[in-house]
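The structure that follows is given in the form of C-alpha cells.
Order of writing sets the labels: A, B, C and D. Residues in every chain begin at 1.
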Amino acid sequence: MTPQAMMNLVSIAPEVLMTVFGLILVVLDVMTKGEKKSMVGYFGIAFMIITALISQPAIGGKYLGFGNMVMWDTFSYVFFVIFALAYTLTTLGSVEYLRDKGILKGEFYTIMFFSIIGMMFMVSAFDLTVFYVGLETMAISMYVLAGFNKKCAKSAESGVKYFIIGAFSSGMLLFGMTYVYGATGSMNYLEIAEALKNGAAENATVKIGLILMLAGFAFKISAVPFHMWAPDVYQGAPTPAAGFMTVAPKAAAFASLVRFVWIALEPVAGLWGTFFSILAVLTMFYGNLVALSQTNVKRMLAYSAISHAGYMMIGLVAMNKEGYQAIALYSLIYAFMNIGAFTLLGVLKNKGMVEDERLESFAGLAKKNPMYALGMLIFMFSLAGIPPLAGFIGKYMIFMAAMKAELYWLAVIGALNSALACYYYMRVTIYMYFNEPEYEVDATIGRSAFITSFIGAVVVLAVGFFPSAFISFVKHLLV
Amino acid sequence: MLTLAHYLVLSAIIFSIGIAGVLIRRNLIVMFMSLELMLNAVNINLAAFSNYLQQMTGQIFIVFVMAVAAAEAAVGLALIISLFRNKQTINADEINTMRG
Amino acid sequence: MEHILSILIFFPLAAALFLLVFFRGGKSTMWAAFAASVVEFIFTIPLMTNFDKTNGGMQFVEQTWWIKSLGIQYYLGVDGITILMIFLTTLLTMIAILGSFTYIQKRQKEFYIAMLVLETGMVGTFLALDFFLFYIFWEAMLIPMYLIIGVWGGKRRIYAAVKFFLYTLAGSVLMLLAIIALYYVHGQVTGEFTFDILKITSQYAAYSKGFQMLIFVVLFIGFAIKVPMFPVHTWLPDAHVEAPTAGSVILAGVLLKMGTYGMLRFCLPMTPYATITMMPYVAALSVIAIIYGALVAMVQKDIKKLVAYSSVSHMGFVTLGIYALNQAGIEGGILQMFNHGIITGALFLLIGLIYERTHTREIADYGGIAASVPLYATIFLIFTMGSIGLPSMGAFIGEFLVLVGAFEAFSDWAILAAIGVIFSAVYMLWMFQRVLYQSLNKKWENLADMNLREVIYIFPLLVIVFWVGLYPETFTSYIHESVKQLVEHMATAAVAMK
Amino acid sequence: MIFAVLTLLGPLVAFLINGLLGRRYIKNAAPVVAIAGVSVSFVCALILFYLVSTQGFSVDGTLYTWVIAGSLQVPFGILVDPLTSIMLIVVTTISLMVHIYSIGYMHGDKGFWRFFTYLSVFTLSMLILVLGNNFLMLFVGWELVGLSSYLLIGFWFFKKSAADACKKAFVMNRIGDFGFYIGLLLVIFTFRSLNYSDAFNAEAIHHVKETTYTVFGMNFSLLDLMTFGLFCGAMGKSAQFPLHTWLPDAMEGPTPVSALIHAATMVTAGVYMVARCNALFSEAHMTSQFVIFAGATTAFLGASIGLTQYDLKRILAYSTVSQLGYMIMATGVGAYVAAIFHLFTHAMFKGLLFLCSGSVMHAMHDNLDVRVMGGLKKKMPITHWTYLIGCIAIAGIPPLAGFWSKDEILAMTYGSGHTFAWLVGTGVAGMTAFYMFRSYFLVFQGTPRDQHLHDHAHESPIAMTFPLVFLAICSVLVGIVFGYPLEDGFIHHFLGPVLTPAHAHAHEMAHSTATALMALSIAIAVAGISVAYLFYVKMYPVLPEKTVKTFKPVHKLLLNKWYFDELYDFLFVHPIVMLSSVVFWRAIDVNVIDFTVNAFGRVPMWIGSVARHIQTGRIQTYIFTMVVGVIVLVAFFYTV
C-alpha cells in the first residue's frame, strides 16, 4: 500500500471504525428487547473505548489524508475523547430516567453515537465539505434527541424549535460558505488561507461570507445573539439529552471553530478576533444576568451553559495555543460537572403540582438526601468556579490565556462575571441546605445515576486538587 | 449574456425570500419550505461559482447539500408531526410554552 | 518534624473524612471532633518549641512540584509572622468546637466536619508559600464558612451567608488576575515562570511603578474586604450576628486576620513602592475605621453586632500599625491580630453561652444579671477590660506598640487613633453596664452560672490575655526577626525607589 | 529591692487568694487575708522609708524587660526614692486603716469577700503606680487604679446611680488618659525611652528646650505639648476642672472606698505624677500657667459648690476637689514639696473625715442628708471628736496638719508672684473653713432634727473607731512633725533633692511677709469658722434661709454644681450619640454603604428579570434576532 493510501486510511480510520460500530449498534438495537435496550448504550461505550485505544495518534503526529480533507491528530483525538466521555457519562446516567419516562429505546444511544461521528468529522475536517457533512450529521441527530420524548409536548416543541432555527442557521452558514468558496476558489482550509493571504481578504464578498459563517458557528456554540434557541431546547429536551447537548456539540463546535479560524482564517485574525470578543462579552453578561432571574434549575443551567460558552470564547479570542488548550480542558471538565449536574437533576421528582426542576423542589434536600445534596453542592460550586474544584481550574486556564494575550479587560470582565454567576449556583445550595422542605420530593439516586454523578463528583474533586493529569493531557494538542 | 453577478443576485433574492418566509409565515410547514428555498439559493450560488471558477468542487457540494436537505426534511417533518400529535397545531405562534 | 506543616494542614481534613465515614452524629461525633482539634493543637506545640527565633526566614519548609507544567508548587513554610497565627487558629478551633457542644443541636456531624475542613483551609492559607496554593486555600475557606453561617445561623442567616460569600469572592476574583499578572511579569523578568511567593517578592525592584500600583490596589481591596476596613466592612456585622458562636469565634479570631496577613505577606513586600506611596491613605482609612467603628458600635442594640463593629475598630489599629512600616508598628499589628483573636473570640464565646440560656442578644433584654451569674460577670468584665485595652492585658501592649510605631510614621493620625482608646471604653462599658449591672431583670433571677465545660474553654484564653499583657516577650520574640527583615526590605525598597 | 517587691507581693497574693478562693471557701475570712497582705506592704513601706530617710537608700532596678518596641525597651522596673517612700507611707497607711474600718463597715454585705478582693487590687495598683521607674509602669498603675475605682464605685452595681457613676468615672479618666497617652508618645519621641532616669536628665531636657513640634499643622513647644498631654491625665485622675465632675458621683461607692480612693490616694495620683515629672513641668512654662489656672479654678469651684451641698459625703467630695485644686496649683507654681506635703496631710485628715462620715451614715441608717441630723455629739462621741479634729485640720488652724501644708502652698504661690491665684487660694481657705464647720455644726451640734433617726443612732464598733482615732492622731501630728519649721521642715530636706530641680530658685521672701501671710490665713480660717457658727448654731435656721432667699440664683447655680453635667450632656454626650446612631450607623452604614452593596446584588437581578423577556419563546423572534445580529455585525465590520 502506498504511503499516501496509508496516510488516507489512518486519517479517516477512527471515523470509519466508529461508523462500523454505529451500524453494529443499530443491529444490536433490533436484537434487544425492553430493559435490555440499555445494553446498546453500554456496547456503545465499549466501542468508543476500543476506538479510543486503537486510534490514539502519536504525540505531535499529524495524519492528513484524502487531498487534505481529513486530519487525524492529537487535537481531534482529545476532542474525540471528550465526546466519548460525554457519551459515556450520559449513557451511564440516563437509564433510569429513560425508563421512567418510557423512552428507553436503542435509538437514543445509536443517535448519540452517530452524532459523535458527525462531531469527529467536524473536528478533523480540513475542508468545508467534510465539515458541513459532519455538522449536519451532528445537528440532525441533535434535533432528534431534543424531540426524543415524543409523548411530551415540551420535548416535541424543543425538537421543532431546534430544527427550524438550526436549519436556518446552517442555511446562513452555507450561504456564507458559498461566498467564501466563490471568493477564494476553494473549500479547503489550507487553500482558503492561501487565498486570503494573497489578497482575497480585501474582497468584499469574503467579509460577508465569513461573517455569515461565523454567525453559523456562533449559533452552534450558542453565543449571544445567536443563542436564543438554547434555553428552550435544553429545557424541553430529555434531561440526559440536554446534559449531552450542553457539552458535546458545543465542544465540537468550538473545536471545529478553532481549526477553521486557526488554519483557514489565520490571515484575517483581526476580524474573527474582534467578532468573538464582542460576542464573548455579550454572551457572558447575558447568560449570567438572565440566569440570575431563573426559577427553573434546568433552564438556569441552560443559561449557565450559555455563559460558559462566553468564558470559552475568551480562550478563543486569546489567539494563543494556551487559549485553545484551555478550551479543550474547559470542555473536558465541563463534561464531568455539567453532565453530573444534569444527571442529578434528572433524578429529582416532585410529587407536588410543581415542575420537577423548580428551585422549590430542592428545598431541604440536604436533610432528606444528604448525598444528593452534597453531590449537587459540589457540581454547583464547581460550575461557579470555586477552588478547590475542577471548574476553577478550567476558568483559571482561560484567564491565564487571556492574561498572556494581554486581554486584561476581557479577563476582568470574565472574572467579574464568574463572581456574578456565583449567586445563582449558590441559590440551589441555599435551597438545599438552608431552607426547610416545601414539597414531597423524591430524590432517590438510582444505580446508573449514582455511577455517573459519583464519577462526576470524584473527578471534579480530584481534578481540583491534582489537575496535572488533565492539563498534561491537553498540553500536547496543537492545531 | 448572463454574468456571475446575475446568478448571485438571483440567489441573494431567493435567499432573502427564504428568510422572509421563515420570519413572516406562521405555518411550520411553510416555514420549513422557506428554509428549503434558502438551501436552493445556496445551491444556485455554488453552481454559479463552480462554473465561474471552472472546478467541480462546488457542484459536488451541491449533491451533499441536497442529500442533507433530504435528511433534514425527513427528520424535520417527523418532528413536526410529533409536535402536532401533542398539540394539535403547527402554528409557530402557539409553540411558545417555554420562554423567559 | 520535616512534614509537620503538611500534617498540620491535612490532619483536620483527614479527621473530617473520618467523621464523615464512621460517625452518625450525636455525642460521639462531637467528642471525636474535639479530640481531633486537640491533637491538631498538640501538633503546633513542637512547631512552637522547635521554631528558631533567631531566624527571620521561612522554616520547616516543604517544597515539591504540584502542577509542574504551570510552575505551581506545593510549597509550605512558616516564619515569625505566621507562627502566632497558626497557634491562634488551632487554639481557637479547638475552643470553638468545645464551645459548640450544647449550642449546635441540629446536624452536628455536618457541623463538626465543616469546622475541621475550615481549619484545614485556614492553616493552609497561612502556610502556603505558593501564590496559587494560597489562593486555593483562601477560597476553599469560603464554602465551609458559608455553610456554617447559613445552616446553623440565626434568623437572617441566608442573607448573611450569601453576603459574606459574595463580598469576599468579589474581592478575590480580581486578586486572582493580579496573581496571574505577577506570574507573567516575574516570568518575563527572570525567564522563570513560577508562583513562588518568595521569588516573586524578591524581584519587586523589576516591577514598574504603575504595575505595582495596580497590583497593590487590587490585592489591597481583596484583603481589605477580609479585614474588614471601612468602607467595605458591612458584611461583618451581619455575618457575626447571624453566625453560630463557633462561627463568630473563628470569623473574628482567624478569618479577619487573613486580610492583614495578606497585606503583610504580599502588599508590603511585593509592591513596596505602591505601599509607601499609599501609606498615608491607608493610615487615614484605618483611623476612620477605628473611630467610625467605635462610634457605630456604641449605638448598637445587639451585643454581637456591637462586638462586630468593635472588631472593625480594633482591626483598624492593626492596619494602622502595619502601614506604619516600622518595627514597633508592624510588631504591634501582628500582636494586635493575636490579641484581638483571643479577646474577641472569648467575648463571642461568652455572648454565645449566655445566649444559649436566654435566647436573646438584645442588650435591652438584659440588665443586672451580674447578680445571678457572678462568675460569668467577672470573666466578662475581664475580657471587656481586655478589649478596652487595659494595661496588664494583651490588647494594651498591642495598641501601645501600634501607636508608638504609628506616631513615628504619621503622628497626627496616631493622635486621632488614640481617641479610639476613649470610645472603646465608652461603648464596651456602656454595654457592660446595661447587660450585667443595674437592677436585675426579673426574668433572669435564676440564670445558671457558667458550668465546668464553659469555664474550661474560657480559661486558656484568660491565661493568654494576661500572659501577653505581663510578659509579651514570649510571643513577640517569635516575631522580631521576621519583622526586622520585612522592615529592612521596605527600607531598601524605599531607597531603591528614590 | 526585695522590700519593694515584697510591698507589691503582699496585696497581689492577697488578691489572688481572695479572688480565686473567696467565693467558695474564704467568705468572711477574706479581711484577714487582705489585711495580712496590706500589712506586709505597710511594714515594707515603713522599712523603706526608714532606709531612705536615714541612709539615703534608693533603688532603680529592673525586674524584667517588659515591652520591646523596635529600639525602645520598656522595663518592668522599680524605683524607690524619697518621693516614692512618702507615697508608700500614705498609701499603705490609709489602705490599712480602711481595710480595718471596712471589717466593721461592710459587715454583713453579701459581697464581703469581693470587697476585700477589690481593695487588694486597688492597693496593688496604687503601689505599682508609685513604685514604677518609668512612664509605662506609671500608666499601668494609673489605669489599674482606674479599674479598681470602677469596680469599687460600682460595688453595689444593682443601683443604677452606682452603675452610672462608675462608668462615668472610668470614661472621664479615659479622656484624661488620652492626653496621657499622647504625652507618653511624645516622651518616647523626645527621649527614645520611657525611663524616668532618661527623661528627667537635665541636659537631655536642656537639649529639647527650644524644640517645637507640629501637630495638625500647628507649632508648639515640644515640652509644653508633652507636659500638657501628661497633665490631661492628671486632670482626669485628680478631678481637675473641666474633668472634675466624676468625683462627686463616685461617692456612690461604699464610704471606705471614698475615703481610700477618692480622698486619700488615687485622686492624688495626678499630683504625684506632676511632682514626679517636675523636671519637665518646671521647663514647660505655658503648661505651668495652665496648671495654675486649672488648679485655682478647681479649688474655687469645689469650694463654692461645697458651700451649698446637703449630702454629707458630697460636701466632703467637693472639699476634696478643691483641696486637689490646691495641690495642683502648688505644682503649677513650682512648689512641689508643698504639694506633696499637702497631699500627705490631706490624705490623713480627709481620710479621717470620710471615715467619720461613714460612721455617721452607719448610725443614721445610710441617711446622708445633713438637714436631718444634728446633735450627734452625745450619741457618738468618738466620731464627733475625730470629725472635729479633721475639720480643724482642714480649716488650717495650727498646729494641726492642714495648716502647715496649706499655708505653705499659699505662701509659695504668693512668693512666686501669682497674686491672683494666691487671692483665690486664700478665699477658698475661708470657704473651706466655713463649709466644713457648717457640716460639723449641722451634724453634731444643735438639736436633733429627726428624733426617730436620732434615737436609733449609736457609736460604731471598735473596728471602725480605731482607724478614726489613729488618723485623728496623725492629722494632729504629721503637720508639725514633718513641716516645722515652715519651708524648712523635715519633709523639705527629705524631698528637696528629688523635687527641686537644680536650677529652680527657691522663692525667698522676707520673714515678715511670711508671718503676715501666716497670720492672714489663720485669721481667714477663724473667720470662716465663726461665720459658720453664726449661721448654723446661733441663728439657725433663720439666717441660712434668708441668705438663700437673697442670693437665690447663685445658690441655685451652686446647688446644681454650676450645671456642668447638664452642659457636658448637651455639648458632648447627646451630639455624639446622635451623630453615631443617626448619621454614621443609620445613614452611612445602612443606607449608603450597605445600600450600595445590596444594589450590586439587586441591579443585576433586575436587569436579568427584564432581559429575560427578550426570550419570547417564539421561533420568529429568535430567528429575527439572529438576522438582526448578522446585519449589525456586517454593518459593524464594514464601518471599521
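Assorted remarks:
Simple rule for what comes next: contacts are C-beta pairs under 8 Å (C-beta built on N, C-alpha and C of every residue); 3 or more make two chains touch, one makes a residue touch a chain.
Quantities reported herein were computed from a predicted structural model and do not represent experimental measurements.
Interface comparison, C-D versus B-D: the pair with the greater number of contacting C-beta pairs is C-D. Using CA-based centroids throughout, the chain positioned farthest away from chain C is B. Centroid to centroid, with C-alpha atoms defining each point, chain B and chain C lie 66 Å apart.
Centres computed as Cα averages put chain C at a distance of 37 Å from chain D. For the pair chain B and chain D, the distance between mean C-alpha positions equals 98 Å.
Rounded to a whole number, the gap between the C-alpha centres of chain A and chain D is 79 angstrom. Chain contacts: chain C has residues 166, 170 touching two or more partner chains.
Multi-chain contact residues of chain A (touching two or more other chains): 161, 164, 168, 231-232, 294, 423.
Multi-chain contact residues of chain D (touching two or more other chains): 601, 612, 615, 617, 619, 623.
Interface of chain B with chain A (complex): residues 4, 8, 11, 15, 18-19, 22, 28, 31-32, 35, 38-39, 41-42, 45-46, 48-49, 52-53, 55, 57-58, 60-61, 64-65, 68, 71-72, 75-76, 79-80, 82-83, 85-87, 92, 95, 97-100.
Listing the residues of chain A that touch chain D in their complex gives 161, 164-165, 168-169, 172, 207-208, 211-212, 215, 219, 225-226, 228-229, 231-232, 271, 274-275, 278, 286, 288-294, 420, 423. In the complex of the two chains, the chain C residues touching chain D come out as 163, 166-167, 170, 231, 233-235, 292, 295-296, 298-300, 326-328, 331-332, 368, 370-371, 374-375, 385, 390-392, 396-397, 400-401, 403-405, 407-408, 411-412, 414-415, 418-419, 421-422, 425-426, 429-430, 433, 436-440, 470-473, 476, 480. Of all residues in chain D, those touching chain C in their complex are 23, 64-72, 136, 139-140, 143-144, 147, 150, 154, 157-160, 162-164, 166-167, 170-171, 174-175, 177-178, 181-182, 185, 188-189, 215-216, 576-577, 579-581, 584-585, 589, 593-594, 597, 600-601.
Interface residues of chain B, counted against chain D in their complex, comprise 19, 22-24, 26, 31, 92-93, 95-100.
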